[in-house]
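Given below, in the form of structure tokens, are the structures.
Here come two complexes built around chain A, the first alongside chain B, the second alongside chain C.
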Partner chain A sequence: MEKCKVSFPRFGNYHIPLEFLFTKGLGVEYITPPPSTKRTLELGAKYSPDYVCSPFKFNLGNYIEAIEAGANTLVQTGGTCRLGYYGELQEQILNDLGYHVKFVNMSKASYSNPLTFYNEFKKINPNLNLQKVTSALIATLKMVECIDEIDDFVRQNVGFEVKDGEMEKIQDEYLETLKTAETKKDIEKITKNYKKKLKDVKVKKPKKLMKVGIVGEYYTIMEPFSNHFIEKELAKKGIVIYRWMNVTNSILHNTGKEQKKTIKPYVKYYMGATSMATVCKTLEWAKEGFDGIVHVKSFGCTPEIDAMPVLQKISNDYKIPILYFSFDSQTSETGIQTRLEAFYDMIMMRKEKK
Partner chain B sequence: MKIGIPRAFLYYKYHYLWESFFEELGIDYIVSPFTNREIYKQGTIHAIDEACLSSKIYLGHIDYLLGKCDYILVPRVFGYEDGTVCTKFQAIYDVVNNTFREQNIHILYYNINPKETANEFRSFLKMGKFLGKKKAAITRAYLIAKQTQKINQMMDLQKQERLLERKELKILLVGHQYNVYDRYIGDPIIQTLKELGAISIIADICDKKEAIEASKKISETLPWAFNKELVGAIEIYREKVDGIILMSSFPCGPDSLVNEIVLRRVKGIPILNLILDGQEGSAGMETRLESFIDIIKLKKEDQHGKM
Partner chain C sequence: MKKAYLGIDIGSISTKGVIIDEDNKILASEYLWTEGNPIDAVKRLLKALETQFKKKTYQIVSVGTTGSARKLIGAMVGASVVKNEITAHAIGTTSLYPDVRTILEIGGQDSKIILIEDGIVVDYAMNTLCAAGTGSFLSSQAKRLGVEVEEFGKIALQSKKPTNIAARCTVFAESDLVHKAQIGHKKEDIIAGLCKAVVTNYLNNVGKGKKILPPIVFQGGVSKNIGVTKAFEEATGHDVIVDPNSHLMGALGVAILAKKSKVENDFSFDITDMEFSTIGVECQKCANHCEIICVYRDKKMIDSWGNRCENGAIPIKK
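Take a look at the complex of A and B:
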């Protein structure tokens, strides 16, 4: 039998823990898809239905590029919105294109029965060692938390570094070093080390700090290429950027019940996918007096579209500016820049008036 | 007290149930008129730009009803035993509530969520109590309404079965009822087909249980109950019709994926993928329908020629 080479769509920096999980836990080779580029999106869009959301197109592009890089087994997750149906169609499209790969679709597994996940994983490696998987999984989750923690620190400080580009360089080095980790202990040690390095970077913060929170749809908010790196763009203007949405907060330590309580004055029912977090964080940050909120999503993302009337009310009630971005495969770079500049000027002027 | 029922979205699935429930309870209600240009226009003013056409129309109907009744019925559905629903139906209560907050909207609602055992009967009980009715009266009204719904759906099905026996060209319309039956977006297609001498067979009129089961033959992991019913109907009707039209409102989330699966997996029958975007001018749509029907006719003659 051909050796199993697994791949999963590119998504923030999470390909590193995924590689760890698949190689250390499942004992198979992992092919990291090349970083998403214009080509990735063009490839994906070419073979996708026209008005499907752009994460579908990115995922498909990643799959094709991963196959080109040698992958023969592709994994797709389940989800509560359209994402839950991505896998079956992507498998069909790849098949029709003549790519003969194994497709492991986690939406066939059921959350109410964890054993079904185990069965799906067994398709990747029939000689699965449950103990090995478990210990690798624990380390993987730790790695996710560490990556998110470092990411948070950079997001909140990178705008104030004295020497431009220092933090980014350290973060890149950190992610590279993480790839050498063998155990959970290694992960913790490496993270501790780089956290110190980051804290040692010289920063100069002004007295009046500008705070902007980023909210929005799962993929677009976490995959910087898909949102045209607006988070870094904003941070570099000397803004502290807050973002709650990451894998740690949304999956590992989900606070759905508390969120529902917080947003009760605005929302009675669960509105689907990431909309609850979007509303909740916007409201919390509005109450905390943030200078602005940026809402990002892929074009046509229903749950996030439905969160928007609520955000508009919060914006009115708390007098907090919200900038709305919707990305598709044809979004123009200059349009984004212009709107970001205008938003920045506006919150700057408001700050000075205060 | 007067209830306002928006003639959009779930109205088309439940109007027998709703109307007869309120009638039995002796509660006055009005239904908003067929979608027209003004309703559509108001909908687009209130809705987020990118929202799907059907949800814009829905908000247009809400706008129409404001000030004409005491409560507007906005049911909320989390999902069914048979599958989940587009998040639009999970969110619609709060979308309406926030969108029309300044107009001081009063919503009459019920919630369907199989996970919280919020089944239809219990939810109607709650709604009836909110309307100040007694449990016995509500139960009676619900049972009668349910019966009315069943009988009418059965009659619709029988009517359709008679249509299937006719000799004319038959086209299966695969689309959500709120699009197919909407006077502004779906009905013009049925009318054009009629002028072209074709009979419209409505996919959403079918045995639901059978359809849900049959959908698995086309797609295994399809999550949405409404789409399962439609895809299953394709499986049930495909041998009995001459062509299929997939009708979706732009940019419908579930349909964006499901239509593609259908196009790739349902072979041996002509399929037209129509996206309704509410734009004015029906010439483009008519041309497409005409050439679609022509192709089917040619194909049919060809087959007969061979025999």
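Take a look at the complex of A and C:
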């Protein structure tokens, strides 16, 4: 039998913990898809239905590029929106294109019952060692938390570094070093070390700090290429950026129940996917007096479209400006720049007036 | 010599320019078609502006650019301020109407709404991915109906019973218009209906969810169409102010910003005789293939942009 080479679509920096999980836990080779580029999107868009959301197109592009890099087993996750059906369709498309690969669709597994994942993993490697998987999984989750923690720190401080680019360099180096980790202990040690390095970077913060929160759809908010790097762009203008949405907060420590309580004055029923978190964080940050909120989604993302009228209401009630972005495969860079610039001017002039 | 400031607003359809003095008084102004060539349009604009003001009394010390070609023209004229059109419009309008609460703006290809409180922008929105209800839609429909777009407003006012025209999308609007014309609706009713459709579309797409409070100022090229202004008044229930210089607000705003910037370099009209050109190159250093725009003045590169990372940066010899 051919050796199993697994790949999963590119998504923020999570390819590093995924590689750890697959190599250390499942004992198979992991192919990291090349970073998403214009080519990835073009490839994906070419073979996708036009009206499907851009995350589908990015995923498909990542798959094709991963196959080109040698992958023969592709994994897709389930989800609480259309994402739940994407695996099936992508498998079909890849098949029609003549790529004969194994497709493992995790939407058959359930997050509430971890054993179902074990069953899916078994399709990747039948000689699975439960103990090994468990210990690797624990370390993987730790790694996810560490990556998210470092990311949060950079997001909130990168706009104030005295020497431009220092933090990004440290973060890149951190992620590279993480790849050498063998155990959970290694991960913790590396993270502690780099956290210190980041804290030692010289920053100069003004007295009146501008705070902007980013909310929105799961993929677009977490994959910087798909949102035209707006998070960094805003941060670099000297803004503290807050983002709650990451794998740690949304999956590992989900606070769905409390969110439901917080947003009760605005939302009565469950709205699906990330929309509840979008509303909840917008409301919390509005109450805390943030200077603005940026809402991002892929074009046609229904749960997030449903959240928008609620955000509009919060914006009126708390007098907080909200900038809405909808990305697809043909979004123009100029349009984004114009809106971001105007948003920055606006919140700055508001701040000066206060 | 007194100081003067130049503001240029280069839109997709038209190019606007103003020269102001220290008190924001307009000394010269010009409005012409961009005709798909912003560099040439700005040269023509500068030539026209040059003749309108006293060059012996005033020296332009700072230039600002706005509009969709702001970056290119900014590099060409050596602008001290290159500003997005939302901020520029807000600054221009509030300089004339300090109490304004809502700015409605419809240009050739875009439309926006800007909400103002105590003289500062508190919220805005801009149309995305769709040109329904903008100036170019109106001018293409004018052509179809065989009237000049400049006459549109006057004709619309003659209508007693505006035709209902589907407003959601230009494609639907156009086929609806053809249909209504073929079943015998009067031309003035159709034109008045179109003006209404533009307003409905604007309020649903751009103004959606925003509170439109008076005083309301309407600007951009379409504000010259009195039919649309009237439709706005009917839809909002408030008076709508249209300044005689409503098409110049962006240029005025960015001239004021140039003044405020305190970055001063004497501007010379000689640049109208220089040759400017741009070359777009696709960076081959990674799969992103960023399109890098290089701007040349008399065959010497003066600026470049479009690269997402350092690899694509092109050093400029000064």
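General observations
Rule of thumb we're sticking to: the second predicted complex is superposed on the first by the 349 of 354 C-alpha atoms of A that agree within 3 Å, B and C clash if a C-alpha of one lies under 4 Å from a C-alpha of the other, contacts with A are read in each partner's own complex, and residues count from 1 in each chain.
Here, a contact is a pair of C-beta atoms (placed from the backbone, for glycine too) under 8 Å apart; a residue touches a chain by one contact, two chains touch by 3 or more.
Note that the structure is a prediction, hence the values are computed from the model and not measured.
Of the two partner chains placed by superposition, chain B and chain C are both touched by A:326.
By the touch criterion defined above, A:309 lies against chain B and chain C together after alignment on the C-alpha atoms of chain A. Contact with chain C, but none with chain B, is seen for A:345 once the two complexes are overlaid on the shared chain.
Once the two complexes are overlaid on the shared chain, A:31 sits clear of chain B and of chain C alike. Counted by residues of chain A touched, the larger count belongs to B, out of chain B and chain C. Once the two complexes are overlaid on the shared chain, A:40 sits against chain C while remaining clear of chain B.
Of the two partner chains placed by the overlay, only chain B lies in contact with A:107; chain C stays clear of it. In the superposition on chain A, A:51 makes contact with chain B only, while chain C stays out of contact range. Contact with chain B, but none with chain C, is seen for A:271 once the two complexes are overlaid on the shared chain.
Of the two partner chains placed by superposition, only chain B is touched by A:87; chain C is not. Residues common to the contacts of chain A with chain B and with chain C across the two structures: 309, 312, 326. Touching chain A in their complex are the following residues of chain C: 68, 83-87, 118, 120-126, 128, 209, 211, 286-289, 308.
Residues 49-53, 56, 80-82, 84-89, 92-93, 96, 105, 107-108, 266-273, 275, 299-300, 302-303, 305-310, 312-313, 326 of chain A are the ones that touch chain B when the two sit in their complex. Chain A contributes residues 34, 37-40, 229, 309, 312, 315-316, 319, 321, 324, 326, 334-335, 337-339, 341-342, 345-346, 349-350, 353 to its touches with chain C in the complex. Touching chain A in their complex are the following residues of chain B: 48, 50-52, 76, 78, 84, 86-88, 90-95, 97-99, 101, 111, 219-224, 250-251, 253-254, 256-261, 264-265, 275.
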